[in-house]
Structure formats: structure tokens, C-alpha cells
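There are two complexes below, and they share subunit A, which is joined by subunit B in the first and by subunit C in the second.
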Partner chain A sequence: MKRLRAVRELSTVAILIAEVLFFAWYLWPDAGRAHPFLNAENALLILKYSSIYGIAAVGAAVVIISGGIDLAPGAVIALSGVVTGYHFVAHDWALVPSIAAGLSVGVLSGLLTSLLIVNAKLPPFIATLGMMGITRGIAFIITEGQYYDVSSRLPAGWRPLGVPIDWLAPIVMFAMALIFQVVMTRFQWGRSVFSIGGNETAALFSGIAIGRVKASVYVISGVLASLAGVVLVLVQGQGKADLATGYELDIIASAVVGGASLAGGRGSVMGAVLGTLIFGVLRNALPQIPGATFYDRLIVGVVVIIIVVVDQLLLRRSSKS
Partner chain B sequence: MNRARLLIVSLLFAAGCGAGAAGCSIGCPGPPPRTDAATPRKLRFAIIPKALDIPVFNYAKIGADRAAQEYGDVEVLWNAPASADQLKQKEILESYITQRVDGIAISSLNGEFLKDTINRAIDAGIPVTTWDSDAPTSKRIAFYGVDDLASGRIMGEQAIALLNGKGKVALITSLGAANLQNRLAGVKEALAKAPGIEVVETYDIKEDVIRCAEIIASGSRRYPDLAAWISVGGWPVFTRNALASVDPSKTKVISFDTISPALDILREGKVQVLLGQKYFGWGSESVRLLRDIKQGKNPPAAIIDSGVDIVTRDNVDAYEQQWKKMSGQD
Partner chain C sequence: MQPDAPPEAGQAILSPSEAERQCLMRSLARLPFGCLSLQFERIEKSFGAVNALRGVSFDVAEGEAHALVGENGAGKSTLLKILAGLVKADAGEIRWQGQRFASSSPRGAIEHGIGMVYQEMLCLPNLSVSANIFCGREICRLGLLDDAAMRARTHLVLDRLALRIDPDALAESLSAAQRQLLQVARALAFDCRILVLDEPTTALTDAEADHLFDVLRELKKDGTTILYVSHRLPEVFRLCDRITVLRDGAFVDTFTTAAVDTNTIVRAMVGRDLPKRSDDRSAGRSDGRSARRSNDRLSMLRLSRSPHFRNISLTVASGEVVGIFGLVGSGRSELLETIFGIHQPDSGDIQLDGASNTIRSPRDAARAGIVLVPEERHRQALLFNLDLRHNLVIPKGTLQDNVLIDTGGERRDAAKMLGDWRIKAAGIDALPDSLSGGNQQKVVVAKWMATKPRVLLLDEPTKGVDVGAKFEIHEMIRQQASEGLAVLVVSSDLPEVLALADRVLVMKEGELQGELDGATATEEAVMHLATHEAVTA
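Presenting the complex of A and B:
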């Protein structure tokens, strides 16, 4: 199993490298022009925008590995940003307590989701669908269609902890990926998540506290989505209710492309982050091809299907051997 | 197995890019032909609408492409989020800055949100203009589009004339975009001058034509004595059935935008007044402005009012003839 996971992560890295090499070749510039894709500034751009998905995808991967699904991250991202902005801009709170308020959105929505799934026995799809509507709705009620201009209260050229603002999101994403990769592979809790996703009955008979682990999974997903929301509002400077609309599907797709199985019991946090980067490169490079603007969604859709189909084949062959 | 996975994905990218290039400058997979040093370099202008799924912007693309073809030294890069998404629009804007394009013309989903990024482009030496929806607090060089407040006032005045200054009115908008907020303010300002007119509701349809149809149906039931719907965007006339629940003998409709099927709906009598924008001009004027700026000619003013066309049953045929000519259907 460990070997299979390593193989899958390596192959996701290989796909990402192949993708970068392909676009580097395809978008080779005319004489006298700088390369439009292969440059440090563009790499940072891809990282910066992919990280918002990536931070939330870490949580989504944990949920998917446990055999569940979370449809709320996009809405939680928006509400966390709005709550941070509401306290920081409208009520003149200091930045740190405002951020704490934003993160509390994730804790609360995660706890509520856990109650619905573990105690009320609602299917995760329904519980998180409801939570998506509730959190997005609260964000609209707070803002009434307006926004909180967080950047107006941050000093010009603000560098959180000395880090350039554009680097904040990628650093948070890689830090979260590293922490949860270790937690998922080296700690009992992580192994329990895999066990529950692989075979819940077997996990129950082996003494795992299913309810508690499942509850913690949804709280973690909520907290990571709210962390993405707080990072988003700090980097982009606005807390707005309609930000990150529909991102939940991109986040889930990233986790799946990174090797997570929607049947549960299989997947990797690092793979999910690599999945967001695969999409980030596509999102950045495809529009640079003349005429490809209207084709990029089709290509992204086909890429998802191909990668998942090949993953299934890989799994079947490994199981046989 | 890893190799197989790699190969499939690489082939897919190649196939996809080939497909994407069909009907454009690239005929087959592989990098575009390199221009040699002696060939004059084309100016690459990025034209960014609010979203790809908003029909009016197709005409801006026609205008931009036609202007580029006429000039011969301009290449238009057309891209936007698939549907209205401010963060994705900002990402696209930033990607054009890293690509060092020669100019950017953008219809802002949220001007304040884009302000810093537009300023960064200007600081990097890339001229930026806005069209349709402005980013007035940014360093953008010029804005081309309607004076939204004035066009809102025109809508309000048309409504007062149609209703003889009395009756209940419901307004339709989509919260968020600054241009729509200004139009709405203009409508309300004009209506406030007619004491016999009562605004019963302002509906937010969230840029969604289906939601717009739903709201018109439910609003018509809620207010059976409604005298007029005023929409500051073209959502009621983007689909043929959105106004099915409206009885034209009781309720008048004044809407922005004149793209198909709006003119047919006007002829059917479901709409009484349409306000048309300079859709083709959004693209062609943006290209012209950016090209002029690159040649050292600054625009005459920071705000270039394109004006609006007021279309009623009296002038709809003449307007359509002109439209066909502009879109090359004539």
C-alpha cells in the first residue's frame, strides 16, 4: 500500500513536469520576446492562485480518504474572508483577532457538519450541501452585496512575518500539505482515517472510534477551507460573499486527480496539492494558445477523466500483482 | 504504467491544443511558426471581458478582431473567466502582465478589486484601458463605455413617459458590478422626480437569466398591478421566454441591451424600450485606443462616453439594418 501511494504521487509529479515541459515547448516565443509561460514571475502567479484551492484541497483529500465528501469549502472560503473583513474593517478589530474570527467559521461549520453526519446520520453529500448554502447565505446577509476593503487597512507593501504577500498563500499551502502528509502517514489518527474509508465495518471491529475520527475530519476540512479564505482576503484585499463560487468542485477534482478515490480509503494530501498545481498550469497556459479560450474547460474535463481512468487501471493491476 | 500515464496525458495535451487551434492561426499541433527577426512584430493586446458566457461580449470580440484585421499590426488575445468570477478575472489580468503583452483592455467585474493589479500593469509599462465597466480609482489610462448614471436616468425618464408619471415599478439588477450600481442610481434618481411612481422592489438576479425569468414570474404574481419592469441589464431580453408571465397591456418593460432576441421581443410588444450599447465599439475602440497609446497618442479624455441607442418600435428596423452591417451579416 505504501509503495502504491509513493508510485501514485511520483506519477502525479511526472504528469505535472510533463505538462510544464509541454507548454514550455508549445508556447516558445517569437524571436526577441520573453517566454510567456516559463518564467519565475509566471511560476509564482500559478502558485499564488493555485494555493487557495490547494489549502482547501488538503482538507478535501482527508475527507475523501475517510470515505466522505465536502461540498462546502468554496462557501466557507467566502464566509471566512467576509467575517475577517467584517471585524477588521467594519469594527476596527486588530488583524490577529479578525483572523481568529475568520478561522472560527471553519471550526463552527466543521462542527455543525460533524453533528449532522455523525449524530443525525445524514449522508455527507446532503449535510455539506446544506452547509454550503448556509455559509454562502450568511456571507451575503453580512455583506448585502457590498465588500470589505481589507487592503485599505493594511499598510502599503505589507509583509506578514517578513514574507512578501504573494508568497503567503504558497507557503501556507506547502506547510499544510507537509503537516497533514506526516499526520496521515505517521500517526494513528491518519491510519484510522484510511481504515474508515477503506472498510468502515472492519475499522469499527478493530476498535477505532469512528464517530470521533469522522467528526475531526470535517472540522479539519472546515478549518483548512477557512484558512484558505483568510489567506485569500489578506492576499487579494477584499472580503466578498461571491468569491470562490463553485470552487468546491475544482477542489474535489484536484484531490481526485492527485490520487484520492471517491470510494474512500485511498489518496494522498500531497497528491491533492499536486492536483491543484496541474489545474493551475492548465488554467494559466491554455488561454495563451491562440483560439484555445473556448476549449480549455473541455480539455480540463478530459484530463480529469483520463487521469482517473488510468489511476483505476493502475490500482487494478497492483491489486492483481 | 507510469510511462503509459505520462504518454496519454502528453498526447491529450497535444490533441487538445490542436483542437483549440482549429479555425485560428495554428493549423496543427506543435508550436506556432516563429517570426524571423526582419518581420515586424505585431502588437499583442489582451482584451478581457467580464465572462465568456455573457452574450453581449461576443460582439465586442467581433469589433476587436475586425479592428485588428484592419490595422494589420495587432494581435488580439481574448480571454475571460468562463462565468463571472472576480478572482479568476484577476488571475487572467495578472497572467497577461507576466506575459508582457503590449496593452490590456478590461471590462472590470469589480474595479476596486482590480485596482492594484491594474496599477501594477501601468507601473510595468503596460497601458491599460477599461471598457463597459470601469475601474475609476485605478491608474487606467482611459475608459470607453456608457455614462452609466446618465443611461440610468434615460431609462427612468422613458419609464415616466410610458407610464404618464404614475404606477408601481419593479427594478432588476445584479449586485456587485459598479456600472450596474450606477445605472440603478440613475434610474432611481429620475424616478424620484415623478411623485406618482412607486418603486415596489429592487431584485438582485445575480447575473443569471434563468433566475431573472423566475423573479419576473413571481414578481408579476406578487404585484398584479405592476405598471413597469425596469432592468439595468439585458437579462429579461437575453431569452425569449423570460417575459412570458408579463401582460403587455398592463405592464411595460424597459430593458438595457439590444442583442438577439431582444429586437424580436420588442417587435412582439413584450418590451417597449431598449437601450443599446456600442457593443462592437467596446472591442474596436479598445484596440484603437491601445494602438494610439503605443504610438504616443494619448486619448482626448480619460472617460470616453460611447452614448446609448434608444430603440423602440418606431426605429427598430433601421437599428437592425445598422446592426447587421456592423456584424458583417449584411
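Presenting the complex of A and C:
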């Protein structure tokens, strides 16, 4: 199984490399002009915008491996951004307490979600669909259609963690990916998540505290989404209610492209992050192709299906031999 | 397409035996070629490096009941899958009345008149009986489902099976036996000429199995050929005219039932002689008996959980094996699951070493030293997405609340467990899917024994396990008991209960009917308690 998982992550890397090589070739400029796609500045841009998806996709991967689904991340990103902005801009809080308030959104929404799923026994799809509406709704109520201008209150030339602000999101993403990759593969808790996703009844019969583990899974997903929201509002500078609209589906798609099975019990955090990079490159490169602007959603959809179909074919073959 | 009109009562009594005799005569005589309805010729199939079938040839005569027996992994299931069109053979062919026949899909097999009754009792719990029977082959009129026609046909088929259920009832409301018969009904609804049954009585009580056999005899009389796959040799002897034995994917022999005994068949199945049960049974038992009463480890006082069981009081001493015999539906599985904390009792008390315990979850139970090997290992015990190492170490690891996983230590532990429990597997990285039923069960026992429990609860410990592994598991249970473990084993396999238990308790409709001494109890005495009213009632 270990070998299989390693192969799966490698194939995600291979897709990413193939994709980059393709756009590098396709967008090769005329002699004497700078490459519009293959340059350091553009790479950072891709990383910066993918990272918001990536941070939340770490949580989505954990939820999907547990056999559940979380539709709320997009809305939680928005509410966390709005709450951070609300305290920081409208109430003149210091930056750190404002961030803490933003992160508490994820904790609270995660706790409420797990209460609905573990205690009220709602299916995760329904519980998180409801939470998606509730969190997005609260964001609109708080902002009343306005936005909080976070960037104007941040000190000029602010260097969070001692790096330029553009680096913040990728650093947070890679840190979370690393931490949760280790947690999922080397910690008892992570293995319990795999067990529950594989066979919840057998996990219960094995003495795993499934209620507690499932609850923690949704809290983690909420916290990671709110972390993405806080980072987004700091990097982009505006706290508004329609942030990250529709992100939840891209986040789930990233986790699936990265090898997570919606049936549960299979997947990886690293794969999910690589999945967001695959989409990030597409979103960055397609608009640069003349005339392709209107095709980019279609192409993204086709790519998801192709990658998952190929993955299943490979899996079927490797499980046979 | 219509089933024959029900035979008159007088005929029904006389004819089966006559038909049986005819069939017997036919199979005793060397059969003329044209009479062979189903021939398997040099069937080969490999999955990767595993040779599931290596050139199996035998034939099933028209109108006979033919048994296919063999240990798990002998290749029976693969052969059935090839017949059903679920798997394609690598080489060889199946002939159906002299014609080469290759069903490339389950649908093709059905159209050729092959009705499959699978072991797993495939049924759609959310649909009605009638919808289950016609699933995939619905009767339509003007493009719309013709529910009335389907209901009428369902009535006919159910009558033929003497099955009194409402065609509109949901399949989930049916008992295990009714679901099994529902599959037979599914086959009959489409005029099957050969009915293939894979371990059909695993979940049935003896009375229900009797009913199934009555039905099968009726069908045989009507000319249906039966291919019957089972671990349970007494059933095979009751029903079948001839018995084909497979071992390790190869054909061993075909025997005529009338001219062979159980020992011969068992020897052909396992390829060696099994030690006699009664000898080692008395040896293992004496330890348990001396230890008894000195130390009641697990006791229950008037434990009730409506509607499953009422007023259950029993004790299990350290070193003792207590057997509970009860038919399906007697509440025995629910009792074990309640002790293990999956359900909460309505009233009553569970004590461990004389002290009351509050057990609210399997986790609490396992922490207190009570562990359960559940009845359905596919659904309740094994994680098929994880390898054997994880399956073997998860309970121990999760109970110790280790935060970090010590991969090296776990690999050593798991490898040792494979050796100690004689689990036949490619290695600790193998997936549970690749193991035979017996070895899967050993994994479940081993993972719990690693937690050093004080009470071991076993629910049907050798269900779907082959003869050799069954013997080994019994040996292991006795070994653990002799080292001081208290064992409570529930089984509907009567010889198993008698072989294992120091004391036999009989459970019926949620109540304990009585207690028998394991050494002196007979099958008749136990069955009497399990099926009849208590003498005082």
C-alpha cells in the first residue's frame, strides 16, 4: 500500500511537470521577448494564489479520507477574512488579536459542523451545505455590502515572518502540508482517520473513538479554511463577503486530483496540495493563450475527469498485479 | 415462463424420494455423454502470481444435485464466478448440454438459464421484494414499469417456495433466511435450469435450512439441476447426489454420495487427516474446569435490552470457555455487542472481577480488557484499505493513546503476530483482501490478543472458515483459555460449541433456556433446549 501511495503522489508531480512544460512550450515568446509564463515573478504569482486553495485543500483531504465531505471552506474563508478585517479595521484591534478572531471562526464553525454530523447524525453533505449558507450569510450581515480595507492599515513594507508579504501564503501552505502529511502518516490520529474512512463499523469495533476523531476532522478543516481566509485578507488587502466564492468545489477537486477517494480511506495531503498547484497553473496560463479565456472552465472540468479516470485505471492495474 | 402448477399433495410426498432415487441411479451408472448438462473442461485462471484454478475438469449431470466442496482458497468461488460470467477463464471451456458456453456477463449467464444464489445475499434493502426479484429485468408495458404484472409473478414464485412474504415488503424487513430465499426466487422468476448456491445456509437456522432443502428437493424434482457449494458436509450429504472436491485450485475427485463417508471427503479436502476432536477436547477442558468458580471474571446480572434479550445472568471464570448456542435471531449477537459497549443495556449489570463497570463504547470495553471478535469480519472487523500491519496493530495502538507511530516497532510486532498465529500471508504489507477467510479471522483474533485482554468474546468465530483453519482457531482459543483468559463464545455451529465449551448455555428468543455441561452435553439435548418450550413453561 505504501508503494502504491508513493506512486500516486509521484504521478501527481508528473502531471504538474508535464503541464508546466506544455505551457512553457506553447507560450514560448518570439526571440528577444521575455517568457510570459516561465519566469520567477509568474511562478510566485501562481504559488500565491494557489496557496489559498492549498491551505484549505489540506483540510479537505483529511475530511475526504475520513469518508466525509466539507462544502463550507469557501464561505469560511470569506467569513474569517471579514471577521479579521472587521476587528482590525472597524474596531482598531491590533493585528494579532484580529487574526485570532478570524481563526476562531474556523474553530466555531468546525465545532458546530461536527456537532451536526457526530451528535445530530446529519450526513456531512447536508451539514456542511447548511454551514456554507450560514457562514456566508453572516459575512454578508457583518459587512452590509461594504469591505474592510485591510491593506491601508497594514504598515508599509510589512514583512510578516520576516519575508515579503507575497511569500506568506506559500509558506503557510507548505508548512501546513508538511505538518499534516506527517500527522496523517505517522500519528495514531491520522491512521484512525484512514480507518474510519475505510470501514467505519470496523473502526468502531476496533476501539477507535470514532465520534471524537470525526469531530476533530471537521474542526481541523474549519481551522485550515479560516487560516486560508486570514492569509487571503492579509495578502489581498480587502475583507469582503464575496471572497472565495465557489472555492469549495475547486478545493474538493484538488484533493481528488491529488488521489483522495470520495469513498473514503484513500488519499494524501501532499497530493491535495499538488492538485491545487495543477489548477493554479491552469488558471494562470490559460488566460495568456489568445482566445482561450472562454474555454478555461471547460478545460479545467475536462482535466479533472481525465486525471481521475487515469488514476482509477492505474489503480485497477496495480491492484491486479 | 410460468412455473408449473403446484403438484397435488399426495404427489408431493411421494415424488421427491422417487426422483432422488432416479437421480441416484443415474449418477451411479456411468452417464451417457448426452446427459451431461454442464461440463467444466480444463478451466484455468490465475490472478497475478496466484493460480486460483489449474485445469479443473468435472461434469454435472442434468437433474442432479451436485456438491462442490473444498477449503477456502480451493478455487470454488473463482469457478462460480467464471460460470456466472463475472470473471473470464484464462483457458479451458464450459459446455452446456454439449455446446460450448461462455457467459461474458452475469446477464448472459442468466439468459442461458443459470441462476446464482450468492453467499453475500446480495439484496437491495431499500427496495421491495418484487423490485428485488425483477431488478434489471423489469417487466414493462408501453415503456412503463408494470408493477401489477411483476407483483403477480412474484406471488407465483413465492408460492412455489412456500415463502409467505408480501411482495411489497421492503427487503430490509426480511430475515436472513427470507433474503436467502429471495435470491432463489430471483433465479426461479427467470426459469433457471441450473441453480447455483454458494454457502446458502451460513446465516440460516436449522429449521430455515430445512425449509430451504425442502424447496431445493422440490426444484430438483421439477428437473432443475443444482450445483451446491458449502463447507457444511452434513448438508451436502443430505442434499446432493455427487460431491466434487477441489483442493488448491485443482480437481481432486468426484464421489457418489451413497458410496462415501465424511472422513473420506474431509481427507480429500485438506489432503491429510485431522486429529480427532474428542481427544484434545477433554485435555484442554480439564484446566478450565479446575479454575472455574474460584475466579468469576465476567458476570452479568439480569441484563436486558429490549427487544433482543431479557434477564440474562451468567458468569465466565478465568480460564473457562463458556459457549452460548442459539439460532439466528435469538439475541446472542446483541448480547455480545452489549457487553462490548456497542449498545447500552436497558437494565442489569455487567461486572468485571466482581466490580461494576460502566462501559459506554467499545473503546471503554477494550480498555477494561473485554474484546470482541465480531460475526461479520468484512463489515465489522477488517480495514480493507489498510495493510495487515495496520490491521494488526490498530487496537493496541489506539488503546495506548500513542501519539506518534513507531513504524519499526509496529512492523516487528506485526511480523511476530503473523508467525505466532500462523497467518498465511505474503507479508505484513499484504492487504486483507488477499487472505483466505480463515487467515482473515486469525488476523482479527491476533489484533485483539495483542492488547492482552482478560475477556475474549467470540461471535461465530469460524463462520466462513475452512476446516483446517477452523481446527487451528479452536486450538488457539483453548490455548488462550488455559493461560487464564475468560472466553465467551457464541455460535450456531453446534459441534463447534460442544467441542470448545466447558459449559454450554442455550439461548432462545432472548432468554437463556438452560445450562449443560460441555463434557456430557449431546447435540440432541442442546437442540431440544434451543427449539422447544422450556419444561416449566
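Quick notes on this structure:
Methods note: the second predicted complex is superposed on the first by the 321 of 321 C-alpha atoms of A that agree within 3 Å, B and C clash if a C-alpha of one lies under 4 Å from a C-alpha of the other, contacts with A are read in each partner's own complex, and residues count from 1 in each chain.
Going forward, a residue touches a chain if its C-beta (ideal position, glycine included) is under 8 Å from a C-beta of that chain, and two chains touch if they have at least 3 such contacts.
Bear in mind the structure is a predicted one, so any value in this text is a computation, not a measurement.
Upon superposition of the two complexes on subunit A, no clash is found between subunit B and subunit C, which fit side by side. Legend: residue contacts after superposition of the two complexes on their common chain; A:D92 is shown touching neither subunit B nor subunit C. Contacts of A:N199 after superposition: subunit C is touched, whereas subunit B is not reached. In the overlay built on the shared chain, the residue A:R266 is in contact with subunit C alone; subunit B does not reach it. By the touch criterion defined above, A:I15 lies against subunit B but remains apart from subunit C after alignment on the C-alpha atoms of chain A. Once chain A of one complex is fitted onto chain A of the other, the partner contacts of A:Q236 are limited to subunit B, with no touch recorded for subunit C.
Ranking subunit B and subunit C by residues of subunit A touched puts B first.
Taking the C-alpha centre of subunit A as the vertex, the lines to the centres of subunit B and subunit C open to an angle of 130 degrees, rounded to the nearest 10. Note on the superposed arrangement: subunit B and subunit C approach each other to a least C-alpha distance of 16 Å.
Looking at the complex, you find that subunit B touches subunit A at residues 1-2, 4-6, 8-10, 12-14, 16-17, 19-26, 30-32, 34-37, 41, 52, 75, 77-80, 82-83, 85-88, 90-92, 94-95, 98-100, 110, 112-113, 116, 175-176, 204.
Across the complex, subunit C is touched by residues 1-2, 186-189, 191-192, 194-195, 197-199, 201-209, 264-266, 320-321 of subunit A.
Within the complex formed with subunit A, the residues of subunit C that make contact are 47-48, 340, 342, 361-363, 365-367, 372, 374, 379-387, 390, 394-395, 397-399, 401-405, 407, 429, 431, 447. Against subunit B, in their complex, subunit A makes its touches with residues 7, 10-11, 14-15, 18-19, 22-23, 25-28, 30-34, 36, 39, 41-42, 45, 49, 52, 145, 147, 149, 151, 232, 236-238, 240, 242-246, 283-284, 286-299, 302-303, 306-307, 310, 313-314, 317.
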